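In structure tokens below, several structures.
Two complexes come next, and they have one chain in common, subunit A, joined by subunit B in the first and subunit C in the second.
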Partner chain A sequence: MKFTSKKSSEFPFIVGIPAILWQILLFYLPLVLIVGTSFIAISDSGSLEGFTFEKIGVFLNPTYIRVILSSVLLGLANATICFCIAYPLAYFMAFRAHKFKNLLLFLLLIPFWTNFLLHVYAWFFVLERNGFLNNLLKTLGLIQDSIPFMNSLFATMIMMVYYYLPFMVLPIYSSLEKFDYKLIEASLDLGAGRFKTLRRIILPLSLGGIRAGFFLVYIPSFGEFAIPELMGGDKQMFVGSVVARYILGDQTGSLGAAFTVLSSVILCVSSILLYFVLNLIFKRRGSHAVKN
Partner chain B sequence: MRSIRLQNLKKRIPEGTVLNDISLHIPAGKFFALLGPSGCGKTTLLRVIAGLESADSGSLFLDDEDITYLPIHQRPINIVFQNYALFPHLNVFDNVAYSLKLKKLPKHVIQQKVLKILESFDLQSHIYKAPSQLSGGQQQRVALARAIVNEPKVLLLDEPLAALDFKLREKMLIELIELQDKLKTTFIYVTHDQFEALTVADQMAIMNKNGDIEQIGTPKEIYEFPVSSFVAQFVGTTNILQGILKNVDANPEISIPDLGTFSLPAQAQKHRIKENCTILLSIRPEKIFISKERNPGFSNVIKGTVQSIVYHGRSTHYNVIIESGMKLQAFEQNEEHFPQQVIDYDNEVYLHWQKENVVILER
Partner chain C sequence: MPLKIEGSKIVHFILVLSTYCFLYLPLIVLVVFSFNAERFPSPWTGFSWRWYEELFQSKYLWQAFMNSLLVAAFSTLISLLLGVFLIFYVAQGKKIKNFLFLYYGNLVVPETVLAVALLGFFTLTYIPLGLTTLVLAHTILGLGFVIPITYSRYSELDTKMTEASLVLGATPKQTFFKVTLPLLRPSLIATGLLIFIISFDDFILSYFCAGSSAQTLSLYILSMLRTGVSPVVNALSAVLLVLSSLLALVFFSIKTRVRIL
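== the complex of A and B ==
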């Protein structure tokens, strides 16, 4: 500790300036502008007319509330499905893959090298009317007529899970990777079966990774724009599409900002709730559990 | 209080440790130590008994019950791990209560049992602490409490004191002995430290590097009457001499080239070795009397020159080069502040020993 503090004092404040400028110009300033425009009334002539809740008020009706709630559900569903797939995968990679660990990690990261749109089009070929999946099901004799997979919530979910999975796997993997396997052995030895060991020892101790994974998936998928637009058609509206529509629309920019602020508040609140729910589910509710 | 019996146990693990056909009886209610060099497979053997590893072949019995295929969590055997493996997210109480909670005992029973055992380990003031807030010795005691609260029939200890400093280790050894005395549980203690093994064990087994058991016996039998040069050298320090056996039937003697003949204990016949065989002798350094003048009261004497002297507080260790060019060690108790004779470097000395204090090794 002493060592690092000494070192940082040798490189004073100056080193941090570019980062701080970057942060201020590209993050805090836009944030202030967005929050500002959503609460400041401007007359047609361009003069300030004071504080208003009017723009936020536009969205406080069932249509838009439903959009926000669907985004919350989309995010939660995506994070949950990702978790269910990612945890066993990360577990396998951390404890069972041995020397193939790094290879699996590499395979997991390969998709990031390819353009996002290519992934989407790849899924088009799989899911479209005469696509791979329909043909496969027909060949197996499971269906007679093609199922319209595309332009549905189903297609959106598939693409969401497909795209966000690594964001769930990586933090869980890194928390399991440094897991002391002796703890698992101790638990088994003390009379816990495999499942109880998972429940009482492994899950609580990898809570950090689980939490990070949930947030890394939940927060961006709440605002996800491209995937629902491309895969879901116009069946279901999510926050991202509404924001895009208003921000890009004529003269509706400040309404877009207001909607952004409203949905961000919901995102914040729901994230905090998520934090506590995760604690409730995964932490061992021991009689005197140690705080971590 | 149950006995453990291993029958023709074989185990090969990828890292190269091997258990070759181990058969071993560990008596009920005894403090049993398994001593061997690092990597000899003693920990693997312990893990097989615990159920953390399965044997490739052979069987494992708890009394007469075959538990070879009993899953680990159903075995009435608990283990204390080398680095304790305390659950970091649970406090001391919950760590100890872990196995009881799994058994779904009523809350007040758990509370009572845990508190009682924590008290007996002098941990009552640390109940709500996380393992990371405890000292090494306290963590060690929590690990012990956690393992015995469940009243296992057999307790396995895998180098449990390796991480403690010397003073604390001595103290914990005494505590372990007293604990075993009180509980009468069968303890199996794995260590590479002969001092620990000799201190705690009622019975001990010595394993060699190849994963074979060389000798089983009480600490005294092992130390005083090692059967092989491996045991003699691994447990304690010793001098090994090689020579030809003579005169087996009357007064057995060993003839060592360049040194002469030395008399052997009368029970040499027991070893079923023949006249003119090459044999190995072990003489413990503390059984050698070193002095500048020849002392006629001993049956065997060798002359030599002191090469080095190491002062150890309660004893002084001399390395002496004898006539054949070999080195022998002799320990002298430092009984007096001002000894009458002072032995110094390069002094000519005589090494004496009684023939009864020599052991003929079988291999």
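== the complex of A and C ==
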């Protein structure tokens, strides 16, 4: 017994270490590297020349700051719209769908499990100049000329909400599902109106899910580059497009890294702010809240 | 008063219904027009399999499809193996718990940032871009799923089972393979499916880390998108929708509580 346990305690070490090495080598090292390349100056001959803020400095001008700010706004707008659509849906699934609960969940997840470019294509097909919607409106006689839906912020927003909606619904749903419905009944019985019950009981108690949903939508939509690129044309630039252009461009890789690092810092700061703002909006204030 | 509550319930129902219409109308329109005999701007002219035939004859499409399948299969396999090995190590009572936080970042870091970082790393280490680098990139996403999920399943397991097995004379290794692993199997299969589909559908990492030679399905669809509306893409969408619904069905029928998000 002693022998086997000693032997197996040596064996697992070799077995446990690859996952850790893998993670450090392919996740942490690359992240450290891009932070490094954005602060290290390399001369044309390839030798190190020391520490520099020059690369970050390139982006500290109104043009790029506007790009970053519009990404923040895009992410926040997307998360907010998703929340407004997702909350009633999650509430319905958790409390009112009964035996259709699983069907609704399943239907929500099918688009989520399909290649996202196909959804882009689907909306392309609907919104294009010669697309389904324009044809429909023409056939109905509502419009004479095609409306250019595509290549606009409108098309970008529709696609963003369409794609990110499940990321908001699922965490809210799973926090509502654990919710004790008796609390709602008690609140209503004790004379609080439906709105007050929502405001003081349901929303504060599902804060965990709301927060998770906001982050799951906000963080990736901040860096999103495919949707604005394909749906929005080149009218509005966002962080993702700038990063892709620099990184895949010729000789501009390290500038791209610097911009990535700069935007990541903004992303972190804005996420922390978002955390506090969500607390401020949804948390129950004071224990005497349900009075009157 | 009761009437008013009924009214609000109906409004709520209509709200949910319109959300699902928003989700499904574009897809339904897409699929319906994949059966149209003529190219799109013309209205419905008749039922035809024409675009499907054209789709299945496309050599590039199959190449891209096989590449995506290969990448997804390998990244799922590697993520699961690494994950199971790590859990095996934890199962021996090692104080590795402290290392698990290492994996929580994988899904938090925006994919674009991860892609940029990995591309820089591959360039610096002279690893040629291709399907291999894509597999490596996808395993990072995979580990972000497999380790937190498997570990939380593992810590929910009844320790009496493993203790019983050890007391009855099984070695720790036997206990792991005969008791712990079978108990973890449903959650491993579900996680595997999840990683597979995420890798198969992934676009951002493929866009950066696949290089110019390797074509995956996402990149192929992207190139088709750029050439504009074509009923062949409609047909492809219909096929992929059916495939992913089947996978989702399998995922749902596995009776385990794997939280996707």
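Definition applied: the second predicted complex is superposed on the first by the 260 of 292 C-alpha atoms of A that agree within 3 Å, B and C clash if a C-alpha of one lies under 4 Å from a C-alpha of the other, contacts with A are read in each partner's own complex, and residues count from 1 in each chain.
To be clear about the criterion, a residue touches a chain if its C-beta (ideal position, glycine included) is under 8 Å from a C-beta of that chain, and two chains touch if they have at least 3 such contacts.
Values in this document were obtained by computation on a predicted structure and should not be read as measured data.
Colleague: Of the two partner chains, subunit B (first) and subunit C (second), which one does A:16 touch, if any: first, second, both, or neither?
Modeller: Second partner only, subunit C.
Colleague: What is the contact status of A:201 with respect to subunit B (first) and subunit C (second): first, second, both, or neither?
Modeller: Touch partner of A:201: subunit B, not subunit C.
Colleague: A:225 in the overlay: touching subunit B, subunit C, both, or neither? Say first, second, both or neither.
Modeller: After superposition on chain A, A:225 lies in contact with subunit C alone.
Colleague: Which partner does A:115 reach: the first (subunit B), the second (subunit C), both, or neither?
Modeller: Second partner only.
Colleague: Please work out whether A:31 is in contact with subunit B alone, subunit C alone, both, or neither, and reply first, second, both or neither.
Modeller: second
Colleague: For the three-chain arrangement built by superposition, which of subunit B and subunit C touches the greater number of subunit A residues?
Modeller: C
Colleague: In the overlaid three-chain picture, which partner chain does A:61 touch, first (subunit B) or second (subunit C), both, or neither?
Modeller: neither
Colleague: Common interface residues of subunit A with subunit B and subunit C?
Modeller: Touching subunit B in the first complex and subunit C in the second, no residue of subunit A appears in both lists.
Colleague: Where on subunit B is subunit A touching in the complex?
Modeller: 50-52, 71-74, 77-79, 81, 83, 85-91, 93-94, 97-99, 102-103, 127-128, 130, 146-147, 150
Colleague: Within the complex, which stretch of subunit A touches subunit B?
Modeller: Residue positions touching the partner: 180, 182-183, 185-193, 196, 200-201, 204-205, 283-284, 286-290, 292.
Colleague: Where on subunit A does subunit C make contact in their complex?
Modeller: Per the touch definition, subunit A meets subunit C at residues 4-5, 8-9, 11-13, 15-16, 18-20, 22-24, 26-31, 33-34, 37, 85, 88-89, 91-92, 96, 102, 104-111, 113-126, 128, 130-132, 135, 139, 162, 165-167, 170-171, 174, 194, 212, 215-216, 219-220, 222-226, 230, 239-240, 243-244, 247-248, 253, 256-257, 260, 264, 267.
Colleague: In the complex, go through subunit C and note every residue touching subunit A.
Modeller: Answer in residue numbers: 8-9, 12-13, 15-16, 19-20, 22-27, 29-30, 33, 40-41, 43, 82-83, 85-86, 88-90, 92, 94, 96, 99, 102-103, 105-106, 108-114, 116-121, 123-124, 136-137, 139-140, 143, 147, 171-173, 197, 200-201, 203-204, 207-208, 217-218, 221-222, 225, 229, 233-234, 236-237, 240-241, 244-245, 247-249, 252, 259-261.
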